[in-house]
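Okay, here's the structure, questions in a sec.
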Amino acid sequence: METITLIPANSLLTATPEEGRQLAIKMARLIIKATQPDAQIREKLRDVYANDAMMLIAIGQTVATEFATIAAANDYWHVTR
Amino acid sequence: METITLIPANSLLTATPEEGRQLAIKMARLIIKATQPDAQIREKLRDVYANDAMMLIAIGQTVATEFATIAAANDYWHVTR
Amino acid sequence: METITLIPANSLLTATPEEGRQLAIKMARLIIKATQPDAQIREKLRDVYANDAMMLIAIGQTVATEFATIAAANDYWHVTR
Amino acid sequence: METITLIPANSLLTATPEEGRQLAIKMARLIIKATQPDAQIREKLRDVYANDAMMLIAIGQTVATEFATIAAANDYWHVTR
Amino acid sequence: METITLIPANSLLTATPEEGRQLAIKMARLIIKATQPDAQIREKLRDVYANDAMMLIAIGQTVATEFATIAAANDYWHVTR
Amino acid sequence: METITLIPANSLLTATPEEGRQLAIKMARLIIKATQPDAQIREKLRDVYANDAMMLIAIGQTVATEFATIAAANDYWHVTR
């Protein structure tokens, strides 16, 4: 497996929920990259899922699960870092 | 990726469960927007998923996961803010 | 979006697990209503999913996730309210 | 909705993990019953999902989520009741 | 429902994560067995899902959810039993 | 079932989130291996899912759930090991 950095900055901690949300999207995408390292294939697949209602919904489910972990890691940003 | 605000008010904290539920729907929709920034395409896809039983159910699963995170962030609104 | 009440009584707290379960079903249905406000279309879709094994199972998954949140909110009804 | 008891004994607490597992299956089935009250239709659908690999797997996902809630409610049976 | 033991040793506690992982797979399989008691049908379905990429992935999702519960039950094996 | 090691080093504890993420991917793959021990079949299926948008998304959902468990096990790496 091409050594791809799966978690930018190697931390789940972010300053704000918005950054945590961005991280969740990034982490979800990096798993697709790690599973399919070929950028051209991914670009072709992007056109597929970005125009398919069910796939867009499924991506939302993945991000929701990733975000749940990131939010817990940041104690839901009760204390702003 | 078009810089889309993914979490309105950059906070998971809401005054009530109802507002938390609204936030969960909003956050789920913003991920679809972030993945498919073209409003016309999204509108077309809206007609697809809003008339498809399985997709409506799948949207419910996403919102349920987002809401679980928001509810935990608000300590289940045991103390009204 | 038609302003639909998403959480009856604006609270996750219920007297018993049974009521919590009813609330989970209600909350799941209200997301479908919020996404597809047209009652006629929903009625038509009801005939679809109520007779489709996979869709019935998928509804069960949504309710299970909603219920997990409601059960945690009620501290699993260890103390009867 | 036909008033169906959704949680037998109106409690998530069971003496053992095995009983908790049985309750998870029961609770998952009762949501299908609540969504499709017609026993004949359910029996017909049972023949469908009991012979379909993906549907059997999807049922397992629902039970796993229900069981996670029941296990947490019973503090993972660290203390036998 | 044929009385099938759903949780071997009627406990979620295992000595190690590896045993916990084995238990998660076993528990997931026992739900399929409880839903489809006929061994011949299950064997036939095994050939289906073991050669279908999406079904193999879906099995992984079930095991991941079961394992999350077992890991929490064992406090993530911070203390080796 | 061929005795396959399901959790390398028989521990969920990792030094960093990145290693935790790698472990999540590894654990997800080992379940597919445990369910389909034949390396040739798995290689053939790899070509299927690595080129299928929905399957790539589904893999991401599995990894997200596995990672949630690993992150909780490591207390979200608040304290670097």
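Order as written gives the chain letters A, B, C, D, E and F; numbering starts at 1 within each chain.
Please note the rule applied: a contact is a pair of C-beta atoms (placed from the backbone, for glycine too) under 8 Å apart; a residue touches a chain by one contact, two chains touch by 3 or more.
These are the chains along with the protein names UniProt gives them: A, B, C, D, E, F = Hexameric tyrosine-coordinated heme protein (HTHP).
Predicted model only: the values in this text are computed from it and were never measured.
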{"item": "Any chain that touches subunit F and subunit B", "value": "A"}
{"item": "Fewest touching-chain hops separating subunit B from subunit E", "value": "3"}
{"item": "Chain centre separation in whole Å, for subunit D relative to subunit A (CA means)", "value": "32"}
{"item": "Separation of mean Cα positions, subunit C and subunit A [Å, integer]", "value": "27"}
{"item": "Inter-chain centre distance, subunit A versus subunit F - centres from mean C-alpha coordinates, in Å", "value": "16"}
{"item": "Contacts with 2+ other chains: residues of subunit A", "value": "49, 52, 54, 58-59, 61, 65, 68, 72"}
{"item": "Starting from subunit C, with subunit D taken as the next chain, the full ring order", "value": "C, D, E, F, A, B"}
{"item": "Of subunit D, residues touching subunit E in the complex", "value": "16-18, 21-22, 25, 49-54, 56-61, 63-65, 67-68, 71-72, 76-78"}
{"item": "Interfacial residue positions of subunit C with respect to subunit B in the complex", "value": "1, 5-7, 10-13, 27-28, 31-32, 34-36, 41, 45, 48-49, 52, 54-55, 58-59, 61-62, 65-66, 68-69, 72-73"}
